[in-house]
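Some structures to go through are shown next.
Shared between the two complexes below is chain A, which has chain B as its partner in the first and chain C in the second.
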Partner chain A sequence: MRAQTTQPTTTYMPPDEVFRQRLAARNRRGLFSRILFYASVFTALLVLVILFLNVLNETFGTVAVQYEIPPETLTTAVTSLDELEKGDLVAILDEHVGRRFRVILRNALSQVPDEQYTTAPLRDVFNGKIFPAELGNHVIGDLEQHQLASILQSNLSQSQLRDLVMREVVVEEVVASWPLYDTLFNKDEIEAVTAEEYPEATLRFKSWINRDFLTTPMSSVPELAGIRTAILGTVYVILIVLAVSLPLGVGAAIYLEEYADDSRINRMIETNIRNLAGVPSIIYGMLGLAIFVRLLAALTSGAVFGVEDSNGRTIVSAALTLALLILPIIIINAQEALRAVPSTLREASFGLGATQWQTIWHTVLPSAIPGILTGTILAVSRAIGETAPLIVVGASTFIVTDPDGPFSKFTVLPIQIFQWTSRPEAEFRDIAAAAIIVLLLLMLAMNATAIILRNRYSVRY
Partner chain B sequence: MAVFPREIVKPNTMLSNERYAVELRHVNIFYGRYQAVKNISFPIERHKITALIGPSGCGKSSVLRAINRMNDLVPGARVEGEIIYRNQNLYADYVDPVEVRRRIGMVFQKPNPFPKSIFDNVAYGPRLLGVKKKSVLDEIVEHSLRQAALWDEVKNDLKKSGLALSGGQQQRLCIARAIAVEPDVILMDEPASALDPIATQRIEELMRELQSNYTIAIVTHNMQQAQRASDYTAFFNIRKQRFDDGTETRWGELVEFGRTDDVFMSPEKEETADYIAGRFG
Partner chain C sequence: MAVNVDVAHSEAIAQALGRTTDATVDLRAKPRVHERLIKLALFLCGIVSVLTTIGIVVVLGRESIAFFTRTSWENTNKPIVTEVDEAMTTFEIGTSGAALEVGERIRLGDEVMRITSLDGTLMTVERALDGTSAQTHREGLSIETASSVSLREFFTNTKWAPQIGEFGVLPLLNSTLMISGIAMLVAIPLGLSAAIFMSEYASPRLRGIVKPLLEILAGVPTVVFGYFALTFMTPLLRAILGDGTVKIFNTASAGIVVGILIIPLISSMAEDALHAVPQSLREASYGLGATRLETSLKVVFPAALSGIIAALIVAVSRAIGETMIVAIAAGAGPNFTFNPFESAETMTGHIARISGGDLSYDSIDYNSIFAIGLTLFAMTLLLNLLSRQVIKRFREVY
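After this line comes the complex of A and B, so read on.
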């Protein structure tokens, strides 16, 4: 018991003036660390901004365009191609294209496979399109040039015809390109260089990311290249990755959190799952190559399911490899989510006479679902960006046909970007930047979904 | 109504008589190698309220949780001895703990409604047991909420989340949830310790009302509560043993069991009197 005095006779605390000095020093130290934290955040933001500016810089810019046949020579002085009638556009095509007309018609309207185009009757070739009914039994070779022209005219709109003229007659070629920075600040220099080196070229502002870029397949000419196959490939791969890794990951997490006892072997399993999450992705690529591409070729090529002339380098192989890659991440995230469910809820459920499975299904999982989904989406958005394992597994670097199922060859966005950035032509870098923007937008959308899910369904206890 | 198979009654178990809902006989509870309580024996009388009191760490909660086999959920927990319910030892091999918990319900210290609607909270138990018809569930929910004295306060927003209620209402919701499966016995583990005095009083009144239909055992730290709201009191205390190497082991023992009035007014043991008078604990 301490003596009952109002003033303690001895004190171990410093006298007031020392206390104040020390307080000032303590506050100074606090300020210093606060500045340090601000600086870290600022640096991170700065790096992010530089990254974005760099990508945007490449994606937009000025191009010097040269035409095989300049559009102004095709028309009278006052009108541009945009204002021409459909008939006039067809006439221009008729005049300049000659024998390629049938090919154009095939690309635009044909309803039959390419090899049957010249032999099939027209009612099949133009099935559902507008064409003179009395020609139904003829083949394409029987038609006169003017008949071809009128079929084209009656089926396509003005803007479609204008695009055809631009593509087939005018044939624009990008001879030089400048990034956004030069476009904004060095316009004079661009004009000088163009006037000197490409006197026939015209300058134009171009956004490399546009509708054509999204909807056309790969091409060896950067202006014509698009990322349609890559986007489709990415979507296919991600769907399969989700379908495989979500049930497996959540199942494993439920076992480890709810059923497994604290034995040595279970602890070892958990530690190793954590280690697997840190294994470099290229090693998963080697695993995928050895197991899915080679060993299980019959399965992953679809041979078992009757798919012919395919090897193991398919969407399925890639998706299974990526699923393995993110499986540990999903398990760890799902475990965290399950662990965050208060044990009082489990007790409440058991206390009412629920079995273990009823408790998990009716109480634990509903509370953990937002966390599980958030973790899964973040893991999947990592899978979207993976390149190395897919190179090993054998993604195609040049492919123009859309993937038509899980057993087809494929490419994905990062592979496409990787391939384009390794090309020497400057224009490929521009479209690589455009593809990066698409990839970033895709990831941003997924992460936003994760945040929305978390905010919407998370429960506070 | 035969609940457990009756033919497998061990010959040496004395049949508990109609008077007792649950009878503990020489119960020892272990967590791993550590023994939490030693040799506990007392009965819980039907349609009466039995209070378990004692200082922190005396094992009264462990004993309560042993009665409906909630201790099974703790890894390493083990119960020896017999807990007799309807002439069966609850720890016999053939007894499924899931059925025990459905017959002997529990209300916890911290109100723990599910993050579901009030209706779904109460309907949770009946649904587990396979009640699907909406009209039946409606009836069960209303009846249970009425018994828990919560119906008038929530009847217009049964769809509201159970977590949106006040602490006292949440605890009464948990009681409604427990009685929705029509248990024989309700175990309450310090049900009012997280509540303010007014909410506490309501819970105590509620216990008195439920007494006519249920047998109640309650763990409490609050002497006045035990005195006011219980018919029987079991007082537990901590025993210590010091070994030569300086280590110490402690466990809980039942010191005194009797009618609440007797235990509080004229305790048989000195330490009971000391504890009740607030001289330790």
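After this line comes the complex of A and C, so read on.
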């Protein structure tokens, strides 16, 4: 046996010491990058948190309000408007409002369309309200101021009258606003600035999202603006989107999963759907503008159904555009749901002599429905948030009348948010944030529904 | 017997059985008309998506052709010196205004002419073209020249100003690419790190928490991201770099927020690709003494590369097509600049702004947005096809 050399000339392992150093370095690199990976995920999630906090920050805050006529100057007897009698409130209105009284009455009580208000007999105008019966054949212009006042007094409650006084006489105006962060941490500064710049203003906490915000229509004054028309528009659009895209999408998915053989045309449909899913949403808007708004204007404006004074920029056009936009998503989701139904179920059904459609209708679809619905709801919740295609299709940015059918002009929540965000005034940012909260809650509700559906009805085979 | 067969049926069966001796039962498949109709209806549902694609291509193509072939008349501010009656073909023109060339089509009043020769200030024309009739034109009337947008001008002109007839898509394209670039700078490191973290480092429990949270980020409407860019990111940038450097509307802020928007897209697609790499590869790597980082970066990552690259391409395509963030935060008005702190309108932003106003059909504005749209569509389609090809061609199959 030959004696081994103590120092081999070639080696595959470095000496112990070097090896240890290198291992330590490798481990350090590992630790360092592990920290980096954690930090990346943390950053992404932090952004999510900041995103929501930012919205909340703008939605709540302090406002400095000034009154055209301060409430304390209206009454000497009591300290607050809340304690006044109905009669006194009407008297205040009577004194300060003057000729606007008829308009107030119309907004509060009229039962006829606005353009007929001055010509229709009072019997129709105040149908179902309390008013002197002998005036039934007169029109509103015949009434004296005190008669108007008494009609108002007998129909409205004390709190409604107080709100009227606040809105029509006191007229609150927000002169400055601060976000939640300043409200919580810079209270002194807010007070100092207000005392200096708006000595007559009073400070109070305001949540921009409130009941009035949800129930009043658009206005050019941020304090008075609401999202009623936008919410209604969104609801209308979504209902039509659902009615169009669900049957089409599920039909296409059934065809592709259950019927289609591996022919060229079927492969083309399949590829085409995947490609459509990657088309930017604004391109769909342009398609909608050229086809639905322009080419099919007679249909989408409702002209063939006897609707007048409308162009193609209607709820129907918007909904059809969005339906095409989410169709690929619905199809892909529905295909997955159908694929998850085990083929043994189909074979059992065929074995019992069922035809293909009987198998699909009675066996496959019932098992796939939860998955299909979940996918559809998620797709629709995406449609709710879409803005770009609707800008192109021509959503109205300023309408105060509720949409009254599929052929009316419309606005939706995201369009309102976009509109308000684009304004320079801080108050518009605040109501944009409030509208964002409403939009996010709406989407959250839909997503929660989808998850509940999935958990409750999904069947495992 | 417990089998419940009613009388009429049992008789029919008996009859059928009885007749087998002299006639055979017809067992051939019967034509089922309504089954066929249902199949046809379902097929038509599938065709809707094909029609959508055709619709997009036709609409964008037709309006773009209209854009590139339409003639608009531009005033040259060059007057005719004398009155021109109906018969004159040679007349004198002023020296001021833009230069004319032989062969060019010009317009005087409503009459279209073509210049046949040009000698100093003396011009000879062919009159009453394009179905217009020869008219008498008063002295001092300015000559208008026909101009149309050529493809070359569209892709090389660095100015987009429809009101003065400049239609170069470059400033819009430039800001689109700049914003996409900034977005990828943000999204690639964060998105890929998040993907590697979820696939290689996180416990199933942690992954089950992080993944849905990132998906929430993906589900937030883009208009909300736009709000975030304008009310948070821009003030943040301005606070760090100074109000003088950073404009209120700028591409940097829009780009960063678009990047945030596509983080979940990258992380989720890349994580799927990483997850699909077989466990045996990781185990072999650990068996050779590799650390977790080395396994992740040198074994798993290359194995999943095709899927990761596809994810990145899809993300770029998404960033290019993103509209609301740039419409809100990047500013209005095309601007050919490479400074990320200046405002510059993107292709999508321009389409949204122009179509948001009262757009009249058949105006040059209407046609021009379709030409931009076609460019955008072609870019995103190519990127999407490319990503599919990458997956198909370079996929490692184990």
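What we mean here is this: the second predicted complex is superposed on the first by the 412 of 461 C-alpha atoms of A that agree within 3 Å, B and C clash if a C-alpha of one lies under 4 Å from a C-alpha of the other, contacts with A are read in each partner's own complex, and residues count from 1 in each chain.
What we mean here is this: contacts are C-beta pairs under 8 Å (C-beta built on N, C-alpha and C of every residue); 3 or more make two chains touch, one makes a residue touch a chain.
All of these numbers come straight from a predicted model, not from anything done at the bench.
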| item | value |
| --- | --- |
| Chain B versus chain C as contact partner of A:I332, first or second or both or neither | neither |
| Contacts of A:T355 with chain B and chain C, given as first, second, both or neither | both |
| Chain B versus chain C as contact partner of A:Y38, first or second or both or neither | second |
| Touched partner set for A:A149, first chain B, second chain C, both or neither | neither |
| Partner chain in contact with A:L345 - chain B first, chain C second, else both or neither | first |
| Superposition-derived comparison: chain B or chain C, residues of chain A touched | C |
| Partner chain(s) touched by A:V438 [first = chain B, second = chain C, both, neither] | neither |
| Chain B and chain C footprints on chain A, overlapping residues | 355 |
| Contacting residues of chain A [partner chain C, same complex] | 26-27, 29-30, 33-34, 36-41, 43-45, 47-48, 50-51, 54-55, 58, 247-252, 254-256, 259-260, 266, 268-269, 272-276, 278-287, 289-291, 294, 324, 327-328, 331, 355-357, 381-382, 384-388, 391-392, 394, 397, 414, 417-418, 421-422, 429, 432-433, 436, 439-440, 443, 447 |
| Parts of chain B lying in touch with chain A, wherever the complex brings them together | 68, 70, 73, 75, 98-99, 101-103, 105-106, 108, 110, 112-116, 124-125, 127-129, 163, 174, 177-178, 181 |
| Footprint of chain B on chain A - complex, ascending | 261-262, 342, 344-355, 358, 362-363, 366-367, 459-461 |
| Complex interface listing, chain C residues touching chain A | 32, 34-35, 38-39, 41-50, 52-53, 55-56, 59-60, 63, 189-190, 193-194, 196-198, 201, 210, 213-214, 216-217, 219-228, 230-232, 260, 263-264, 267, 291-294, 314, 317-318, 320-324, 327-328, 348, 351-352, 355-356, 359, 361, 369-370, 373, 376-377, 380-381, 383-385, 388 |
